[in-house]
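Both complexes shown next keep chain A, but they swap its partner, so chain B is in the first and chain C is in the second.
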Partner chain A sequence: MQKRIRRRYAAERRFKFMGLAAVVLSAGFLAFLLVTMLSNGLAGFSRTEVALPIDFPAAKLDVTAKQLQNRGADLALAGAGLDEVVDKAATAAFGEQGIDIISDRAWTEVREALKSDPTLLSRKARIDVPVSQDVQNALDGGGKPAMRAIVSGMQAKGLFSNKFDFGFLTSADSTDPTNVGIWGALKGSLFTMLVTLLIAFPIGVLSAVYLEEYAPRNRWTDLIEVSINNLAAVPSIIFGLLGLAVFLSFLNLPRSASLVGGLTLALMIMPVIVIASRNAIKAVPPSIRDAALGVGASKVQVIFHHVLPLALPGILTGTIIGMARALGETAPLLMIGMRAFIAQPPEGLTDPATVLPVQIFLWSDQVSRGFVERTSAAIIVLLVFLLAMNALAIYLRNRFETRW
Partner chain B sequence: MYGRLTVIAATAIALTGCSQDSSRDYMKIVGSSTVYPFSTAVAEAMVNTNPALKTPVIESTGTGGGMKLFCGGVGVQHPDVEDASRRMTPNEFAACTQNGVNGIMEIQVGMDGVALAESKKGPKLELTRADIYKALAANPMGKPQTAKFWSDVNPSLPHTPIQVFGPPSTSGTRDALAELILAKGCKEVDPQAAKLEETDKDAFKERCQRIREDGAYVDKGENDNIIVQNLTVSPNAVGIFGYSYLEENRDRLNGVPINGVAATYENIADRSYPGARPLFIYVKKQHLNAVPGMKQFLNQYSQMWGPDGPLVAKGMIAAPADVRANSEKIIEQGITITADTLKDDELH
Partner chain C sequence: MNSFALLFLVLGLGLIGWLTGRARAGRLIRAAPKRSHSRPGQHAAYVAMWTALPALLFLTVWSAISPALVRDAVLETPAAASLPSFGFQRDSILGEARMLADNPEAGAFNEEARAIAPVYGAAERRYSWIGSAATILLAFAGFAFAYSRVTPTFRARTRVERTVMLVLLIASLIAILTTLSIFVSLLIESARFFAVVPITDFLFGTHWSPQVISSTDPGESLGAVPLFWGTFFIGAVIAMIVAIPFGLMSAIYLTQYAAPRVRRWMKPILEVLAGVPTVVYGYFAALTVAPAIRDFAVMLGFQYASSESALAAGLVMGVMIIPFVSSMADDSIAAVPTAMRDGSFAMGATRSETIRRVLIPASLPGVVAGMLLAVSRAIGETMIVVMAASGAATITLNPFESATTVTKQIVDLLTGEAEFDSPKTLAAFALGLTLFVITFLLNIVALRVVKKYREAYE
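Up next is the complex of A and B:
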């Protein structure tokens, strides 16, 4: 008897331990992911700059201070050969290898500096410009030995500075890892999510309300219910093909646009919203409906005054889960051309755009190694976006939750 | 409440109803993932020197996938330029003509090599085209594929399992592998296949160019960095990708010489490396004046493709001087191709 009791306790303990082990394992994976992302990615938010002395009066740039305040400033400076001036300044300051030390796009940084302060034209100035990927590699302890020697010499003189890279948060894709930014993809994601929400939320909630409150229970509604459950489990790539066939080939909407991406993702998350909303509506006690109908409310009044407010926390949770899934989705967007190199942030819903997960995918395929850090930094931005959405969901749920 | 619902519904309908503008002020480029880094670099340089232009939108779809879009027709919704890591096939040209795409300019922008590589810890393979054919074909010499180890293919090779990571069938790199290495290796070892090429093209392809599907060749998608990462963790595997990825990862990978010729810049540039192949862009002449920036884009390409140019720094191999001169002539005079041009299979 004692032996059997001991065995029973041991089995209990084993089960409890297994559960704990499962939790620890998943927490471990999560911690590993976060630690690697943060350790790789934090460097992606900063960039190394080098102080480049430029003698503007000696360079004899063929532009006037007035031209720099006009709209044509970019054109004027490109025409005046600013890039050559910057290259010459680099050679003068850092020797033969000077051009390899500064980034190919360093001159655009000088251009911005000139535009914001045209008085620079009449004096010598030191402007912080980004370093090239070769120098970055050397600073990280890799790269070519010749470059490492030059860089360690310059480091001793304290020419480098490490700064938070605001450009990463304000610009779009580029071919040079020292110049890329996430804003284009972030804006594309925002536009896409907006379209998805505007389409999927009203249609999903309306279908749920109809199915729960109005539809008769017969073979047809059963069929619809089964189809919705099936649709929720269809792999996302199939929605991509659907979007390609319907929105691009049939409706002739523009390829790579966030409008089409949003529509496709709306199709994908609609079943999730319908199922969540139906469950939330079902959970509203029938007594509340009966009471409202009893005091003479119409069906529409019952739904809008009583059922939906009570079901709202559940509906919102379902919607946010669906939206979070849509935010992380890549496969269907590849089919409709959102995997392109897009170097300017989209201005409207029909402009070519890309989204955060696709941008991460694109950067992970880049030849240049500087993109590794940038990819991790982009993942951090995506995770922060996701956390913000989930936090909003929790806030809304707590705000509207009623207990009885 | 109703008012708000109507607003939402109206927005939804307006969104679905709005269709494309009749004009487009940016270029659309599709195609090869191998040419993608060069076209993006050119696009960026073009916008830096002409800030009034919008940056072209460049999508990497693989050469084959891009050709389908490019040949889809003429008009704003169809791409203007196709990046190709192989020549357009006569079938693709026919599809283009059928859809009203008349006047395609073929511009060779540079060279690339199909590189075979292994980890630094690998067995230091040295292969011939015939070895690669025997190891990778689905039906070498008309018989079902049975080779499991490199030593099964050629006794002088090490006894390590055949495990190859390579691009998918939409990729131009895969087509180049089939044409430059498998088909040639096949003709070397199988005299019947050479005869087959003249009588029955499909049977020749089946016998010489189809790649085995039993798991020894693993298709890793268009993402070449994934192949590089896989190679560093599986030292016995061989990876197939464009030369620029080998160059960028020389500290982690060794190139596998083919027929005793290593994949280096010089060997690809003088075409002694068997995997050397030309890179093209195809341009719709009908769009040349309609889409802003196309001429600037082509001129920018020709400024950047020289042996000391920025594209070489990005991993491309410059084409020989006569080819570059010819390409410049095509851009200047707007020379288009005909079905006959494509029949000439030789690299130029």
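Up next is the complex of A and C:
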């Protein structure tokens, strides 16, 4: 008897331990994922710079200090051959390999430095410029042995410094990992989300109002219900196929445009919004409706003056969660051609654009070592946005939700 | 005038209609308060509605048909007589002409395009002028009509509310329309595919290599069985081996054992797993998990372990699915009445015995439905397999070998440079249709299971 009880208690402990292990392992996986991304990605926000001595008077740049303050400064400096001056300075400072040490966009940094301080033209100066990917690889302990030797020599002299890379937040895609930025993708995401919100929110809320407040129970409304519930579970890639077949090849809308992306995602998250709004409307107690009807309000007045305002926190929470889902979605956008290489941020809704998750996907395909850090950095930005949206949803729910 | 400016103009007129309608109604009602039927706001809405709605409707229809009208007008001019009589070439010349008309600096391939561009521009301007004029006229006509009807006895409310209801109905019909258009577009494209490739070859063929499609027998290299197997193997076997025990056990632990405080914190944390974008999981699988699994496989003695193994994609997918299984199980366990649990305890059962013998059997329909939904979610998952699984279609039982899935192949087929009508692109739609039908059936079955077998307690 005692033995049996011991055995049963041992089984009990084992079972409890298995449950605990499942929870801990799942949470551990999440932690592992986040830590991996963070440790990879934080380096992606910074860049290594090397102090490059340039003797401007000796270089004889054909520009005046006055020109540098005009709007044509960029053109004047490019015309005066600033890029060659910078390359020469690099060769002079770092030897034969000098050009390979600095990044291709190093001269644009020098240009900005000149524009902000035109007095540089008349003296020698040390300007911090970004290093090339080869040097970056060598610093991380990879790359070509020859480069590693050069770099370790320079490192001993303390020529390198690590700075936060503002270019990563303000420029668009590029083929060189030291030059890439996420602003283009972020802007594309913004445009796409705008279209999605403008389409999905009104239609979703209005159809929820119809289904909850007006719909008679018959075969037609059952059909609407069934299709909404099923749409919520349709794989997202199917919506991409729909976008391709209907928006691109039937309606001839422009390929890769954020307009089409937004429409496709709107169809995808509409069911989420409808279901959330219906639950929120359902939660408004009938006594409110009865009271309003009792003092002579019409049905439309009851809905728009009383039911909807009370249901709004719930509706907004559902909408934000749906928008967060749309923001992280990749597959349907690949289908409608948003995976093109786009080096210019989009200017309008019909311009070719890409979005943040697709940018992450595109960078993840790149072989260059530098893209690993950039990809993880872009993932961090995406996760920060999603976290902010979810936090807002939770805040709205806790702050405004009324328990009847 | 472009259609955006026109849209805002019409909306502005609508607003003016609202304001004037309200002012007039307010004045009239103040003069005869006893006889009035509707509130000033309702009269205002009526006027605004008549001002904006017909004009907007016309604008939508017009922007759909006017490109075709412009095209026909251009083709009727003498300048277009020299164009090739039919087909692609003429379309491309016309397309370039339109581009040139919008932006004269752009370059053109065809010299003819430069010649017709002014004609095209003129026709475009003419039709755009007609369209704008008609829209504005319609807006004013609607306004005049509605404004003249604003009297105290006029039943504006009834009419406005009927329109509101119509708008609500149309909004809710869009859900049906979406489902229908998914189904129809997939069906049409698939029908075109099956006209070229016999359906039996597609469904039962075991050889998949869309890179080389023979023109005499296209069905020979488009057999989808390896894809179905890969999808099933990754999504329904490997992922579920991870997701079901983890999801179920964490739901049990959090509902039955954990202190309320632990539960309050751990439940949202687990749900974050479902909120992480799939592209992040895919990147993680490709960058971290897949190489680790390959090394592990080599250590075990598999010489040819793939770095794009089925196991890597399946494992990560399983982790992503954990919260789905866990929250469904959570709900259905919580729905079992406490009396049953207490009864079991009173008979001397331990907690784990109660859970295994009483709670799980009682909540089984919900748990099973949750698993079916999880499977449907897993086989439709795209980014993880696109990034971590391979493109080689093999039928294998070895999780360290590579396997491909339906979703991965859809992406691969459609992101090449292929034209829209080749069997290759159409095959993607046939695969999409298969995927849609399977996930649809899984959802229906899951809902039926819940409805039919759920015991009604209380």
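To be clear about the criterion, the second predicted complex is superposed on the first by the 379 of 404 C-alpha atoms of A that agree within 3 Å, B and C clash if a C-alpha of one lies under 4 Å from a C-alpha of the other, contacts with A are read in each partner's own complex, and residues count from 1 in each chain.
In the analysis below, contacts are C-beta pairs under 8 Å (C-beta built on N, C-alpha and C of every residue); 3 or more make two chains touch, one makes a residue touch a chain.
For clarity, every value in this text was computed on a predicted model and none was experimentally measured.
Participant: Quick check on the chain A-based superposition: chain B and chain C, clash or fit?
Facilitator: On the shared chain A, the partners clash.
Participant: In this superposed model, does chain C or chain B come into contact with more residues of chain A?
Facilitator: Looking at chain A, the partner in contact with more of its residues is C.
Participant: Kindly classify A:267 by the partners it touches after superposition: chain B alone (first), chain C alone (second), both, or neither?
Facilitator: Second partner only.
Participant: Looking at A:28, would you say it contacts chain B, chain C, both, or neither? Reply first, second, both or neither.
Facilitator: neither
Participant: Classify the contacts of A:202 with the two partner chains as first (chain B alone), second (chain C alone), both, or neither.
Facilitator: both
Participant: Of the partners chain B and chain C, which touch A:57 in the superposed model: first, second, both, neither?
Facilitator: neither
Participant: Considering only touches as defined above, state whether A:309 meets chain B (first), chain C (second), both or neither.
Facilitator: neither
Participant: Thinking of the overlay built on chain A, is A:153 touched by chain B (first), by chain C (second), by both, or by neither?
Facilitator: neither
Participant: Regarding the shared-chain residue A:335, is it in contact with chain B (first), chain C (second), both, or neither?
Facilitator: A:335: touches chain C, not chain B.
Participant: Quick one: classify A:224 as touching chain B (first), chain C (second), both or neither.
Facilitator: In the superposed model, A:224 contacts chain C only, not chain B.
Participant: Looking at the overlay, does A:95 come into contact with chain B only (first), chain C only (second), both, or neither?
Facilitator: After superposing on A, A:95 lies clear of both chain B and chain C.
Participant: Both chain B and chain C touch chain A; at which residues?
Facilitator: On chain A, the residues that contact chain B in one structure and chain C in the other are 202-203, 339, 361, 364.
Participant: Hey, which residues of chain A end up touching chain C in the complex?
Facilitator: Touch residues, chain A against chain C: 8-9, 11-12, 14-16, 18-23, 25-27, 29-30, 33, 36-37, 202-203, 206-207, 209-211, 214-215, 223-224, 227-231, 233-239, 241-242, 244-246, 249-250, 267, 270-271, 274, 298-300, 324, 327-331, 334-335, 339, 357-358, 360-361, 364, 372, 375-376, 379, 382-383, 386, 390.
Participant: Under the definition above, what is the set of chain B residues touching chain A in their complex?
Facilitator: 1, 5, 8-9, 11-12, 15-16, 18-21, 26, 28, 33, 36-37, 40-41, 43-44, 47-52, 54-60, 77, 222-226, 244-245, 248, 251, 310, 314-315
Participant: Please name which positions on chain A make contact with chain B in the complex.
Facilitator: 74-75, 78, 83, 104-105, 108, 142, 174-176, 195, 198-199, 202-203, 248, 251-256, 259, 263, 304, 337, 339-344, 349-350, 352, 361, 364-369
Participant: Report the residues of chain C in contact with chain A in the complex, numbered from low to high.
Facilitator: By the definition above, chain C touches chain A via 157, 160-161, 164-165, 167-169, 171-176, 178-182, 185-186, 188-189, 245-250, 252-254, 256-258, 266, 269-270, 272-273, 275-284, 286-288, 319, 322, 350-353, 355-356, 373, 376-377, 379-383, 386-387, 407, 410-411, 414-415, 420, 428-429, 432, 435-436, 439-440, 443-444, 447.
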